[in-house]
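Please go over the structures that come below.
Common to both upcoming complexes is chain A, partnered first by chain B, then by chain C.
Entry: the complex of A and B
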């Protein structure tokens, strides 16, 4: 009952949220100082030509009118056209987002599966060898810039050892992509029974996933350790010890109480990762949403940038919604 | 044989500072006392005197850097010092139990009250959920929780402080312990609730013929609920005896000082400026109280023996016989508190 009410309240809040996001992305791109018309017209264009393009794009209209037109069409699912490709922004996003999600979801699963147990283990025996080693390891992978780690991984595993395929997309050139079901080439080729494509997709996934999951695992270790340490130092764990509870029971109580803050942290992290994946995509020519978005920003592709930021924001707010629901179920103090 | 016998207990905190030098804080320096069934011992003394540390030592709950370096703690004839956790866990929570001063944060926030009352039983005995549930309900009635059936389903965050302390008392007593340590059980509670909780506790302890240690700052609590008192200073018991005897006829200057610090006394006799506790990292030799003692003399550079000044009444002071008579009254040192 409470969950339904809560969900209704949260969903009602999404409407002003989306409007706000649309407004902010629109304004940010406008005041960004890039002149799309200039780029579109090229250096050889005359004054009259530039004016014509400006009029055709509707950029001669007042800003509020431009926003009104934009907001209206976005709500109808029309995000405009990318002037670089001439294709609708929505199509561009839909064809690319599965590539990003494939990389993102596998990496976050792996990063979490490594980060959380390592952090918990470190918190069980603080300042002992395991804790120190995991702390140094997470500090290093936390401090190294994403693109540099990706380049080094390529340097070692592609150039040096030759184990990894070249960083040019998600499949070998000679392999045909499978029919789209989930959007993940690897899973789709397995579903289609195409072992050659599956192998190629997996091979291309290994390095970017490795790099990105390391980047995700590092702060996860630190956060998990801090959360578990706080729980283990709490009054109720102290009393459980004084009441002679067994090790297993104490561990169970501690885990249960660490769960909600850890899930909250991972959710907040995940919400920002769709943007963070862009640099990894760029290095590996992944052809995902992030790479496309970065490109749009560089070339002042207004409609595309707006679409990109809007997708990032919608992704973040849906992740928050899901996390809030999980917390609501797991945490009695929320259900008042 | 006493139920609990603590002998010459020394506890040190050992740490390394930034220069990797070992620094030792001597927190307990030879605590000795005994406790029998049915007795209630009040432990008083200022913050840092070692009251809670004594309790933690008995419960085997010393924090990381604290270690028992000397002495023995025997419960029902069994040595507790140096016991491994598994064996210790067969005693604490069943034979010895504790209630703490922060009941609200000491309950597992993610388990219902009933669940926690059942858990504490099942951790110690192979008891069915049904039986454990019934015992939990009986216990909730015994601590006078209204609507116990409904409370079993409640969450800790739905409790008031007084209610949470009753739940904690129920958890502490449900396994039938012989010794209860109440570590400042009412510090966090409303004044009106304090008396209720203490009365309840006293009744339960009495009907079960348990031994109790009440750690408190409140001499009023001691005189009302305890049969014996132990006054602690800088990690030693400086005076012990029957409550009425010690409070009416203190034989250690520190006890005298404590009694004179009770608000009613201050109004009567004036406020006496007290000194600080000694630095546990650099304990002086001889009597630890001599730096702030109005009676200090040359002889106080040697460790005072525990002098027996009456039946069951002892004080660690060279001048134990003279204290109450010879010590300057508080009124002489300063005017009444304004």
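Entry: the complex of A and C
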């Protein structure tokens, strides 16, 4: 019964949440006082022409009406056109998002596979050598800016050692991209049996993935350790110790109870990392959603900026929702 | 009568004074805190006396020494404009603190009262505030900061205001949680019974007791503000060249990294890592000192 109630409350909040997100996105490009009409009309336009453009764009209407029109078209999948390319924003996003997701998902998988076990091991024996070393290491890599680490990695592995390919996209210039199935060049070329393309794609992935997964691992270690320590210090673990359970059993109980908060944490990470991946994309000229979005922000491409921010926010909220549902299923205390 | 003078206790030596004992105690309890304090202090001093330490003004160009590697005349080399990287890195400390401190103050000024009111008043106000935070939580702060700063103007003040507003909810959340726990405590109950006005209870009884968790966050939030502001500058939004700001300098150096002029991006990056690490160590240590339970729970 509680589950149904909780679910209903959680889902009921989705609608105002999405409306709020659309509203903030709508306001985002309007607070600046940058004049889109002036930019469109150009310096030679007269007053009448500016007024005409303003009317054509619907900018003479009151703000709430503009918002209503914007919200309506967004809900129909129309995000306007990018003035840089002249193409619909939604098309631009859809062609690029798979490149970002490829980088993001591989990095997050790797970062989690390193971060969670290290954090758990550190928590098992707090304040011992392993704990101290992992703590300092994670603090250092937590303090290194993503883009700077990417630049340094490029300098060492591309220019210095010559191991990595040049930071220009996801494939060598001479290699044709495989037919799109999943959107990941690596997986797609494996599916197509094109070993040359697969090798090229993997080679281009290594360095950005390495950098980004290191960035992800650092806070994961810290959080996992904190979560596991809290569980190990909890009353039910003390009770289990009093019962005289073996070390293995206690570890199993602790692990199972750490699972839910760790999932919650990784979900929260994933939600913000689609934005953070933009910096890696920028340095490696990855050509994904992030690089495109940063470019749109720099050049004042309003429709594209709105589309980018909206996609990020909707992605984050759906991740939060999914995480909440997983927690609901996995958390034994919620099931009563 | 004459013995009175001789029985006076000997003045404690410097190493036995309570202040030094206190410092040693803190260091033993949390070496990270001490390491953080030392690092941050060094950067603070550099920021204050940068003009005395720097061999050249930060934007002076050396036309005969453009893109010179590290030499005796230019310890950290020169950049594409022929400016001395070492002097610019030193002056960069001023930008870091000049952004982080006002941004932190703004976060506190907005966040703490919001958390106090939400936690104490509760009900609809609390719900409304939390839901608003939830909506903002959906936007990755870095992108929101980018979009707002790019749209509103490329100035230092705008960067500070945006950072302050974006992270204020963190303080509001922390304070709110503490206030909720305090609201039904005997301390507050007796204050109400005695007949204190609400503003007095909030200010005198609740605020001092709910601010502890927030203080540990201050250093971490400053580190965050420095990271984000340099990231903005690296992308090309906010502070612009030729300002001696670390993000700007790394952006300039990024153009040269693939042709081998590594020093332009490397040194400002190292300074940035050093200061952010120092602040994070300080924050981590402060948490440790304030909440010893979290560190070594057996």
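The definition used in the following text is that the second predicted complex is superposed on the first by the 291 of 336 C-alpha atoms of A that agree within 3 Å, B and C clash if a C-alpha of one lies under 4 Å from a C-alpha of the other, contacts with A are read in each partner's own complex, and residues count from 1 in each chain.
In the analysis below, a contact is a pair of C-beta atoms (placed from the backbone, for glycine too) under 8 Å apart; a residue touches a chain by one contact, two chains touch by 3 or more.
What you see is a predicted model; the values in this text were computed from it and never measured.
**Student:** Name the contact category of A:210: first (chain B only), second (chain C only), both, or neither.
**Tutor:** Neither partner.
**Student:** In this superposition, which partner touches a larger number of chain A residues, chain B or chain C?
**Tutor:** Touched residues of chain A are more numerous for C.
**Student:** Quick check on the superposed pair: does A:241 touch chain B, chain C, both, or neither? Answer first, second, both or neither.
**Tutor:** first
**Student:** Who does A:327 touch here: chain B (first), chain C (second), both, or neither?
**Tutor:** A:327 sits against neither chain B nor chain C.
**Student:** Counting only touches as set out at the top, which of chain B and chain C does A:308 meet: first, second, both, neither?
**Tutor:** second
**Student:** Check the residue A:191 against both partner chains and state whether it touches chain B (first), chain C (second), both, or neither.
**Tutor:** neither
**Student:** Let me test your reading of the model: by the given contact rule, A:148 touches which partner, first (chain B), second (chain C), both or neither?
**Tutor:** second
**Student:** On the A-aligned overlay, A:202 touches which partner chain: chain B = first, chain C = second, or both, or neither?
**Tutor:** A:202 sits against neither chain B nor chain C.
**Student:** What does chain A use to touch chain C in their complex?
**Tutor:** My answer: residues 13, 16-17, 20-21, 24, 28-29, 31-34, 126-127, 139-140, 142-145, 147-148, 151-152, 154-155, 158-159, 166-167, 226, 229-230, 232-233, 271-272, 274-276, 278-279, 282-283, 293-294, 297-298, 300, 305, 308-309, 312-314, 316-317, 320.
**Student:** Considering the complex alone, what residue numbers of chain C touch chain A?
**Tutor:** So the residues of chain C in touch with chain A come to 32, 131-132, 134-144, 146-148, 150-153, 223, 227, 230-231, 234-237, 250, 253-254, 257-258, 260, 262, 265-266, 269, 272-273, 276-277, 280-281, 284, 293-298.
**Student:** Mind pulling up the chain A residues that touch chain B in the complex?
**Tutor:** Residues of chain A touching chain B: 234-236, 238-247, 249, 253, 256-257, 330-333.
**Student:** Residue numbers of chain B touching chain A in their complex, please.
**Tutor:** Against chain A, the touching part of chain B is residues 59, 61, 85, 88-94, 97-98, 100, 102, 105-111, 119-120, 123-124, 155, 157, 168, 171-172.
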